[in-house]
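Below you'll find the structures, each written out as structure tokens.
Common to both upcoming complexes is chain A, partnered first by chain B, then by chain C.
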Partner chain A sequence: MDTLLSVRNLKTYFRVKRGILRAVDNVSFDIKRGEVFCLVGESGCGKSITALSIMRLVPYPGEIVGGEILFDGVDLLKLPEEEMEKIRGKRIGMIFQDPHTSLDPSYTVGWQVEEAILLHRMIKKVSKLAVNLLKKVGIPAAEKRYREYPHQLSGGLKQRAMIGIAISNSPELLIADEPTTALDVTIQAQIVDLMLKLREENGISILLITHDMGLVAEACDRLAVMYAGKIVEKGSVEEIFSEPLHPYTKALLRCVPRPDKDVEKLVSIPGTVPEFPPASGCRFADRCPMTRKECFETTPEEVNMGNGHRVACHLYG
Partner chain B sequence: MLGYVARRVAMAVPTIFAVATILFFIVRMVPGDPAVYLLGDMATPERVANLRAEMGLDKPLYQQYIDFMLGVLRGDFGRSFENGMPTMVRVLRAFPFTFELAVAGTLLSLLIGIPLGVAAAVRRGSKIDVLITSGTTIGVSIPVFWLALLLIEFFSVRLGLLPVTGLGNNPIERLRHLALPAFSLGIGMVATVARMTRSSMLGVLGKDYITAVRAKGAPWNVTVYKHGLRNAIIPVVTVVGLNFGYLLGGTVLVEYVFGRPGLGSLLIEAVFSRDYPQIQASVFFFSAVFMAVNIFVDILYSFLNPKIRYG
Partner chain C sequence: MDGLIKMGEIKDYPSFLAGLIIVLAVVLTAMLAPLISPYDPIEQNMPHALQPPSAYHLLGTDPYGRDVLSRIIWGARVSLYVGLLSATIAMIVGVPFGALAGQLGGIADALLSRVIDIMLSFPGIILAIVVMSILGQSVDNTVLAISLAMIPRFARLARGEALQLSVQEYVQAAKASGAGNLDILVHHILPNILSPILVQYSLSIGSAIMIEAGLSFIGLGVQPPTPSWGEMLSLGRQYLYTAPWLSLFPGLAIMLTVLAFNLLGDGLRDMLDPRLKRV
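Presenting the complex of A and B:
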């Protein structure tokens, strides 16, 4: 499988009053064609900003200050805005966390699907295509839903419509930013199944952003674990789930509730993600149970542990 | 939809009656006797008494009130003390001039205010934003009559570009005559519209669906107008609609300064001469229009906001 997207040393910083917030700091990963790649981590670790950086839609006052985003060999960060507009929605589709707020309340669902198509292609019978798309993403009574407004649809149906919009121009990459977080558990499974079905049928690559380890195990091929703007560990799902190396990954996996075991209390990681981590040293150091002196002094380099399993931790340095 | 309109109209009926009642008593609380005004200070008490009887002012207050309300029900607002013409006829003749002025003022405020608001919102925090925001603060605070005088001084007296008073007798002249009054009337609302558009637009541009539209590949300007303004305009329409009623009230001053005929001039004249039936008819009409505009705005609102239409 060849590489579709290669993010290299991406840095996205936010200039805020209290200083520079390094939301994404030196992040690198590759996504192969037809693969589901997961970006995992707690809230605020920079997963969503990484996704928005790929789309070049980082909100103000954020700014991409360094790195490369090679999409099919072309550095997206060097493209003029008009060229980027031809890639957004056509070659890279994106769905968002909250389907309730991701559709424009003033236009019908059908209109919004058509807009997505017409922004990139001149098609006369666009309404038929739009209805077919709604059918394809499993919206029942698609002809009726086509004419309805977003507020008339349930969360699950809205997210299906969003997926329909995202895949309307058969993109090569689908970025899904916590697509199931705002949905009921039963609907979550349906949405995940739908995305995996699209991967099977269209060979689309998926960048799935989530904090749900269960979802990672179910849907992903490879994953990267992010902490405070940095990737701490990456590798295949099998490798990382069977042999997690970074103390943070281990802690994350311990937090997953086990229905087969009778536990008194849910496990959590003490402390919170630092907003302004120190410039040098490991960012997880103050929450890590296994710190050494060097953890506070030097930033750990990424180490290759074989089979594409890489970890950034002094324990393996 | 039709049921909704009918409901709204039905709800307006009690309000209209309350307005009529309050109006009747307020008018009679104003000091000054219409008969004395018409006949002058030198008139004999007998003549005054005769005229009062003719006007129906000698009857007990409750009887006058009942007569007035029965008249309202029949659509009969009595005749003007001044010249004996049916008061409503005078109102209806004057109204088109006022309506023209209020519409022109509103259009002007939308035409200037919306682009200003959008420009300020899109370039938030920039010099343009600061300029527009502070400029509109001044705009809000300018008294209409003072601005009107300044405009006359500058455009008519110094530059000689625009006429001061009158209406004009062909369409182009008419527009030229409308320019200054409409501007004086609309400038306060430009500020309101611009600030409303700015804040509403800022709220909308921060919404997830704006990012989602950009993620579809829409250029920034398409996103701003098709999705941003489309959603941001809803509260602006409400404010403008409600302000249209106040604008009608504002015409009183503007018409007076520019010597234009209209409801405002008619009303001022009637107040000066204590022409009770004429005041009653004019204010009643103002209130009715105000309420009609409110109902219209609600209907318009439901067209702009699908959630209300189908909710």
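Presenting the complex of A and C:
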């Protein structure tokens, strides 16, 4: 499998009043063709900003200050804006966290699917194509839904419509930013199944952003665990779930409630993600149970543990 | 936007309907003025001066013996012309500027917002008076002065609404679909700020009519003997106790027309907002 997307040393910083917020700091990962790659981490760790950086849609006052994003060999960060507009929606599709706000309330669902198609292709019989897309993403009574406004659809149907929009021009990469967070559990499984089905049928690569370890185990091939703007561990799902190395990954996995065990209390990781982590030292140090002296002094380098399993932690340095 | 307003739906919005009927009546009156006005609005008839309402002069006559009803009918032309034209100009100029500033943010937004703030710090009528004294008095200069005074209202409204929309996920989603800034402005920002803009437009027609009446009242707007409601009020002021019909009827005309445009605006908002739509 060859590499479709290669993010190299990506740095996205926000210049705010209190200083520079390093939301994404030296992040590197590869996504192969036809693969589901997960970015995992708790809220505020930089997952979404990584995704928006790939789309070059980082909101003000954020800015990509360094690195490369090689998509099919082309550095997206070097493209002029007009070229980037041709890639968004055409070669990279994206779906967002909250389907309730991702559709424009002023237009019918069908109109919005057609808009996405017409932005990239001149097609006369676009309405037929749009209805077919709605059918493909499993929307029942697609002809009727096509003429309805977003407020007439349930959350699950809206997210299906969003997926329809995202795949309307058969992109090679689908970025899904917490696509199931705003949906209830039974719908979550359906949406994930739909994405996996599209991967099967169209050979589409998926960058799935989530904090749900259950979803990771179910859907992903490989994953990267992010903490405070940095990737602390990455590797295949089997490797990481069977042998988590970084203390943060271990803690994350312990937080997943297990139905087969009696639990008195849900496990949590004490503390929160630091907004302005110290310039040197491990960013997880102040919450880590296994700190040593060097954790507070030098930033850990990524170490290859074999089989593509890499970890950035002084315990393995 | 076709199909958003269905004829059958109008009956569900009685205040809109009332506004629409009055506005249509005023528009018809203005258009048909030469046919329906019983007397010449300008020609003086001194022997019949200051007559109270009667069968001959339904709304009485003024100190020059001119028929008040005829002057109100012809005055509708001036009011509508100034009201519609200046509100339209202000909207066409103000909205795209404001929306673009709100959508783009950053320096463009900061600059434009300061300009709007400065313009808004002058009361509309004062700004209009300054412009009128510089440009001289004529109907078209009145339009120019009033639209200049109302541009910042539209720009600020559009800017605020666009700013809110630009961080909406559906605008992000449209960008992620490959839409450029212009696509976003035309397809997602403008249609979604249309309801408040239309309401503002309707209210602005009303307030432009008021400003025009005010300018004519103080003698800076439309010049006599051209009939204008504000000028009629001004004339009637001196006879408030002896001939109240001189002020009452033009005042009523202004009030009804302004009210009608306000009702129309409110009704339009209810009808155009998909969230308020009855399913």
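Quick note on the criterion: the second predicted complex is superposed on the first by the 317 of 317 C-alpha atoms of A that agree within 3 Å, B and C clash if a C-alpha of one lies under 4 Å from a C-alpha of the other, contacts with A are read in each partner's own complex, and residues count from 1 in each chain.
Here is the rule we use: a contact is a pair of C-beta atoms (placed from the backbone, for glycine too) under 8 Å apart; a residue touches a chain by one contact, two chains touch by 3 or more.
As the structure is a prediction and not an experimental result, all values here were calculated from the model.
**Student:** Would you mind checking whether chain B and chain C clash or fit side by side on chain A after the superposition?
**Tutor:** clash
**Student:** Applying the touch criterion given at the start, work out whether A:Leu198 contacts chain B, chain C, both or neither, answering first, second, both or neither.
**Tutor:** neither
**Student:** Quick check for you: in the superposed arrangement, does A:His120 touch first (chain B), second (chain C), both or neither?
**Tutor:** both
**Student:** Given the touch rule stated above, what does A:Ile165 touch, chain B (first), chain C (second), both, or neither?
**Tutor:** A:Ile165: touches chain B and chain C.
**Student:** In the superposed arrangement, does A:Tyr149 touch chain B (first), chain C (second), both or neither?
**Tutor:** After superposing on A, A:Tyr149 lies in contact with both chain B and chain C.
**Student:** After superposition on the shared chain, which partner residues are touched by A:Leu157: those of chain B (first), chain C (second), both, or neither?
**Tutor:** neither
**Student:** Once chain A of both complexes is superposed, is A:Leu5 in touch with chain B (first), chain C (second), both, or neither?
**Tutor:** In the superposition, A:Leu5 touches no partner, neither chain B nor chain C.
**Student:** Which positions of chain A sit in both the chain B and the chain C interface?
**Tutor:** Comparing the two interfaces on chain A, one with chain B and one with chain C, the shared residues are 55, 57, 59, 82, 85-90, 93-94, 96, 98, 101-107, 115-116, 119-120, 149, 151-152, 162, 165-166.
**Student:** Under the touch definition given earlier, write down the residues of chain C that touch chain A in their complex.
**Tutor:** Contacts found on chain C: 105-106, 167-170, 172-180, 183, 187-188, 191-192, 274-275, 279.
**Student:** For chain B, which residues count as touching chain A in their complex?
**Tutor:** Residues in contact with chain A: 207-209, 211-220, 227, 230-231, 304-307, 310-311.
**Student:** Which part of chain A faces chain B closely enough to touch in the complex?
**Tutor:** By the definition above, chain A touches chain B via 52, 55, 57, 59, 81-82, 85-90, 93-94, 96, 98, 101-107, 115-116, 119-120, 149, 151-152, 162, 165-166.
**Student:** Residues of chain A touching chain C in their complex?
**Tutor:** 55, 57, 59-60, 82, 85-90, 93-98, 101-107, 115-116, 119-120, 149, 151-152, 162, 165-166
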